[in-house]
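Take a look at the following structure, please.
Each chain gets a letter, A, B, C and D, in the order it is written, and its residues are counted from 1.
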Amino acid sequence: MEKLLEVKNLRVNFKVRGGIVKAVRGVNFHVNKGEAVAIVGESGCGKSVTAQSLMRLIPSPPAETSGSILFKDKEILKLSNSQMEDIRGKEMGMIFQDPMTSLNPTLTIGRQITEGLIKHQGISSSKARARAVEMLDLVGIPNASARVDQYPHQFSGGMRQRAMIAIALACNPSLLIADEPTTALDVTIQAQIMRVMKDLQKKLGTSIILITHDLGVVADMCDRVIVMYAGKVVETGTKWEIFKNPKHPYTRGLLRSLPRLDQKKDEPLVPIYGMPPDLIKPPTGCSFCARCDEAMRVCVDNDPELLPVDGNESHASACWLAHPYANREVSV
Amino acid sequence: MVKYILKKFLSMFVSLFVLASATFFLMKIIPGDPFLKEKAIPEKIKEHLFAMYGLDQPVWKQYLMYLNNLLHGDLGMSMKQQYMSVGRIIKDSFIYSAQIGLFAVIVSLAAGLILGIIAALNHRKWLDSVTIIIAVLGVSIPNFLAASILQYVLGSKLQWLNVSGLNDPTDFIMPVLALSFLPAAFIARLTRSTMLEVLSADYIKTARAKGLSGRIILVRHALRNAILPVVTYIGPMTANIITGSVVVEQIFGIGGIGKYFVQSITNRDYTLIMGLTLFYGIILMAARFVTDVAYGFVDPRIKLTRGGGKG
Amino acid sequence: MRTRKSAFTFMTALLILAIVAAGCTPKNEIGNKGSSNANGETSQAKVFRMNIHSEPSTLDPALMEDNVSGTLATGIYEGLTRKDENGQSVAATAESWVKSDDGLTYTFKIRKDAKWSNGDPVTANDFEYSWKRALAPDTGSTYAYQFYYIVGAQDYNESKVANADGVGIKALDEQTLEVKLVSPTPYFLSLTSFYVYNPVHQSVKDNAAWAADAKTIIGNGPFKMSEWQHNTSIKLVPNEYYYDKDQVKFAGVNFTMLEESATELANYETGKLDYTGKPTGEIPAEQIPVLKESKKDEIVTKGIASSYYYQFNTNEVPFNNVKVRKALAMAIDRQAIVESVTMAGEVPSFGFVPPGIIGEKEDYRTEVKDDFFTENVDEAKKLLAEGLAELKLTKFPKVTLTFNTSDGHKKIAEAIVEMWRQNLGIEVGIENQEFSVLLKNRTAMNYQISRAGWGADYNDPMTYLDMFVTNGGQNNTGFASAEYDALIKKANASGDQKERVEAMTKAEKILMDYMPIMPIYYYSNVYMLKPGFKNIFLDYKGDIDYTRGYYEAE
Amino acid sequence: MKDQSFTPDQFTKLGNDKKSSEPVVRESISAWKDAWQRLSSNKIAMLSLIILLLVSLMAIIGPHISGQDFQTNHLKEKNLSPSGTYWFGTDDLGRDLFSRTWMGAGISLQVGLYAALADLALGVIIGGIMGYFGGRVDEILNRFCEILYSIPSMLIIILLIVIMSPSMFTIVLALSITGWISMAWIVRGQIIQLKNQEYVMAAQALGANTARILFRHLIPNAMGPIIVTLTLTVPSAIFAEAFLSFLGLGVQSPAASLGTMINDAIKAWTLYPWRMIFPAAVISITMLCFNIFGDGLRDALDPKMKK
């Protein structure tokens, strides 16, 4: 498979009063063409920062980004601002978490779709408008030709997120980054939105990075999963590997906190207790150590590396439990 | 929409009536009369003058007489400049004030928005500090001081500009600048404040994610959402500026309308006071009406034109 | 959608326009620099440029009441007589006059070549018409009482008679005007140059708004109005029909209306004005000492017949005691005030009638010295203690000095109150009031100490002294003296100047002994005139005469 | 894995108490303490606060420390430039400008402060009501504001002069009668824009009462323009007081305010610039610090700005 995007040793630091927040600490992953990848983790784990830094949307200062982001063989971090403008919207689209605030309240939906089209494809405004209607139709907005001239406040939440998708996909980008696209929506709408995204992915062949804290939506949609914690990738693998054979205690924690259809009635949902570490002073050892039920002495001062699980190419985990010395007596 | 405008006009008419009534009685309560001067006029002559102007009548009668004249479109003659009608005084002097005022509105809007945007884009950097200092000086240096300094430096010392008058196009520069300092500074502060909030809004990120250029994001997405307080402010500000500034007009020797707002009252020139108040009231109410309509254009969520109700 | 878009585009366009305008205009100004000097004429015929502060309240002589109008009237109109530089009445539109032996009848001969600015002849009928017009109640002239010396005038003006037939103004023929007076009024001749005595063209009765525009004003003076930009400027050009046009040398007179003294001075200094300062303009007081050094040859100080004084409410404690009033008057340093506070060459005053007013033969003030009291802090302290004791007061009560809003008045008040504080140990509050409020309070005797000033209407001590007759309209002090009233009456009835001056001298002494008013200084006018301008002068009242001025390059 | 040797005993399970070598979570702190921490780490804002405190202190003790009192005239020593005797020079009656400046600062700052408070109270509440309720309430209140705003304030001031005697209360009253209207309009505009946002509608749907929506949701979000308007109110009140003095309602001499001092000095500023510079500098510096501190305060209190 051809790699569309390859991220190597991505680090993002924020200068704030009181120190430097190391939000992303050496993240590696890739996305293949046509593939849907999920980045999963609690809020504050650096997944959104990672996603936004792919499009260089993190303002610098206060942020400092280093490492390498190769997109279609171009080094994103080295492009000029205007080159970057040509990639945004055209090659990569992005959907944000809150459709209520992510649309400009003072411009019509149509205008917000067409402005990217006009900029990137240089088409006339009437053509752009036709394309906007088409896009709205595509994302399932009824009566699109009338709706195109309405303002965001005339749309419901779900419709707005559909419109966001239409905006993001208007120029037919090769990569769509969806940053918690359904978090702000209620459950029934969530499913509809995910369906729209999935359908479009199939139709247009777009690669997707789905950022979410909810492993539930992942199962449906994604090929591979990347689990992040405290600015690092702690486990990565195919959807099946992660769901059936999670190796990292954090992944297991996430899965345990998820309601499942096959769940027994008396089996409780188990939240992960405690708080993520302060990324101004990240722990020297495993960053999950403090919350880990299976923590060992080694975990306190030694940071585990992301290593293939059972020699498997696609599945990797960063945990001392994989060390030969560790007792392997853990069950899911 | 037509109904809305009609309704607005009707309520404006009622408001003007209330304004005229309130001003009329207030004006009659305060001590003094148009014929009071250091060299007192003999009692008999004064009595006759009072009778000529109807000032010997009970106040309510004077009020009805005034309203009657007003309904016939007659603002009366000035009691101080006896050969001039109030309408003509306003017309002759407003021309100057309006010219300078409109320029000043444009200059202060342009300068204020630009400074405010620069400050917001450079939040907590030195350019932000520079604009803060300029803006604060703009609001804390009164316009008479700014006008005097301009006049002394550009007019008297460097002699680049005429110290007073409105004969050359360049004569507009100093009065316009003097009038613009404060509003420009205030607009800059307002713009900066709301721009900072807007620039951190999600839809700005959306716009960036679309690959739009910084300039377009700024003008199309950010400014439009940030400009509402500025729109609110420029309504009354325009009304105030185009009806002249006493000090600036005095310093630059401009025969504008500004001084009459003070002079008519010190002279107790009753007809002129009323005429000016109504004139100002109309301009202010018109400016406020335009402001309300402009809200709808700036932010489509606002629908004042459809009348009442929350949201 | 479309409208919104265009509205926004419009705003952006405005912005750009403004930026462009702001960026470009300063360049033009450099190109225009040279053209601003309008007074390019050479010595033969120069335009004289001065400031008149503000729009004249009228140019109808009957309604005039301020010196802005008066200054313009000097150019546009001409009465029967004019004042020369020494304050003497000289022939003008009247070439000669005869006073009857009883002093009650004046017969004026109007010169044959007197013409209006439209070429019509000026006749005795015009004067009769104009004066009766000024007296007509419905004209609404506030200065109509200046005609009350004439038989029947007051009755007509006060509507006691229906028509003007009984008024003692009569054109015997085209050239002869006969005026009958109620009593011999030695200063009547002086009044005939006063602006309310100016004639108006009889056509004015057909146009109520005739005095509002340059086109419709018809005068008989040395100049006529060529342009009136309301609130901005007035231009006069010589009147080609004027009988004495050979003596009119200026190509024109331009008046600006600048209310700000600093602006006026800046215009003078940048060569846009030839004259600055009093009577209609002003030189900023604090600049005067500096200009007296730097512009020695241009600056002129001229005493004028006006008095600046404080008046006491003698009905109220503690000023119902003459010793208290005297103490306050004696405890200030007038020299320090005129030197350090007002700085315009004013003269400390110890009497009421200012210099410049004609007495029996010469200046009243040189004939009758103003030594009615002296400054003496020790004596003042003693008087104050005595006065308070007489009033059975243990300490000086809380009183307030009020004055009408003006920077100059405020400064003087601050200095005087401070002198009282230091010299007498009394605290006097200061309160500035809006003029109308002050005048109302003064008429209602609702004050303790108040600033006041008085300028002459005509050239006789009476213009000052008749103010303080019992219940006089200007007498808001509570001062009432039968003896004083009798003396004023006597002076008014007499045609003998010696007898009159004697009575008036006694009256002034009574006034100063009673001291309802505390003299501070006699005004003076300071002005600057560009070198080369000649024969422009101020009369005894401080009114400017520019009509015979000329320019002679040095 | 690095060339690192571990011992098996390192792979024994940890007790819950020893899991980390460092505290895991940041100390949780109250919002106020947090705001104060953010504010105090803003050096310029803190410097501004110190200067503001210094100016206030000088307004109290300043008139008494130069050894010259504010009202004694020294006519022989008028218009002196700053010197050892007269630190800020003397004015046109030879009075000590140092004492007068600080005395004026005391009066002017009070005027500015009270006027700002009055604007805040009246303007925010009435503007909030106009914006929030809209419809007829808005129409009537708005017209009331327009009428009040159009009545010549000089008439009102003269009326006040006639019925009241000059005092701080009268000054603030005169300034506040119409002063709050601009604030009300600004607030009204903001509320009209904000009330259409989802969180407000959500709060309405949840049945939150009006006052709560207004003061908890709407007004805090309009704080930016409110603070900016306040920073304009203060200097304009200071200069308006000078105008009141001129009409006879403001501070009466020999007392001084910064506004009246500047008014007096303007006539001769080219000759005696110090008479204008010191009072103008006090106003400008105070306003600058007020603005910077206001910005700092807003940044510290407003979590939105944290990023």
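Criterion: a residue touches a chain if its C-beta (ideal position, glycine included) is under 8 Å from a C-beta of that chain, and two chains touch if they have at least 3 such contacts.
These numbers come from a predicted model, not from an experiment.
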Chain whose Cα centroid lies at the greatest distance from that of chain A: C
By mean Cα position, the chain sitting nearest the middle: B
Centre-to-centre distance between chain C and chain A (centres being mean Cα positions), rounded to whole Å: 87
Gap in Å, rounded to a whole number, between the CA centres of chain D and chain C: 48
Distance from chain D to chain A - Cα centre to Cα centre, in angstrom: 45
Length of the line joining the C-alpha centres of chain B and chain D, rounded to whole Å: 24
Overlap residues in chain A, where contacts from two or more other chains coincide: 108, 153
Multi-chain contact sites of chain B, meaning residues that touch two or more partners: 30-31, 148, 152, 224, 299-301
Per-residue multi-chain contacts in chain C, two or more chains: 262, 434, 437
Touching residues on chain D, where the partner in the complex is chain C: 71-73, 75-76, 78-79, 92-94, 158, 161-162, 166, 245-248, 252-254, 264, 267-268, 271-272
Residue ranges of chain C in contact with chain D within the complex: 261-262, 284-287, 290, 336, 339-341, 405, 407, 410-411, 413-415, 417-419, 421-422, 429-434, 437
Touching residues (chain side chain D, partner chain B) in the complex: 44, 132-136, 138-139, 142-143, 146-147, 149-152, 154-156, 158-159, 162, 182, 185-186, 188-190, 192-193, 195-196, 200-201, 204, 224-225, 227-229, 231-232, 235-236, 239, 262, 266, 269-270, 276, 280, 283-284, 286-288, 291-292, 295, 304-305, 307
Residue ranges of chain A touching chain D (in the complex, touch as defined): 17-18, 100, 153, 274-275, 277-278, 281, 283-285, 289-292, 294-302, 305, 307, 320, 323, 325-327
Contact footprint of chain D on chain B as seen in their complex: 11-12, 14-15, 18-19, 22-23, 26-27, 29-31, 129, 132-133, 135-137, 139-142, 144-145, 148, 152, 182, 186, 189-190, 193-194, 196-197, 200, 228-229, 231-233, 235-236, 261-262, 265, 273, 276-277, 280-281, 284-285, 288, 291, 295, 299, 301-302, 304, 307-311
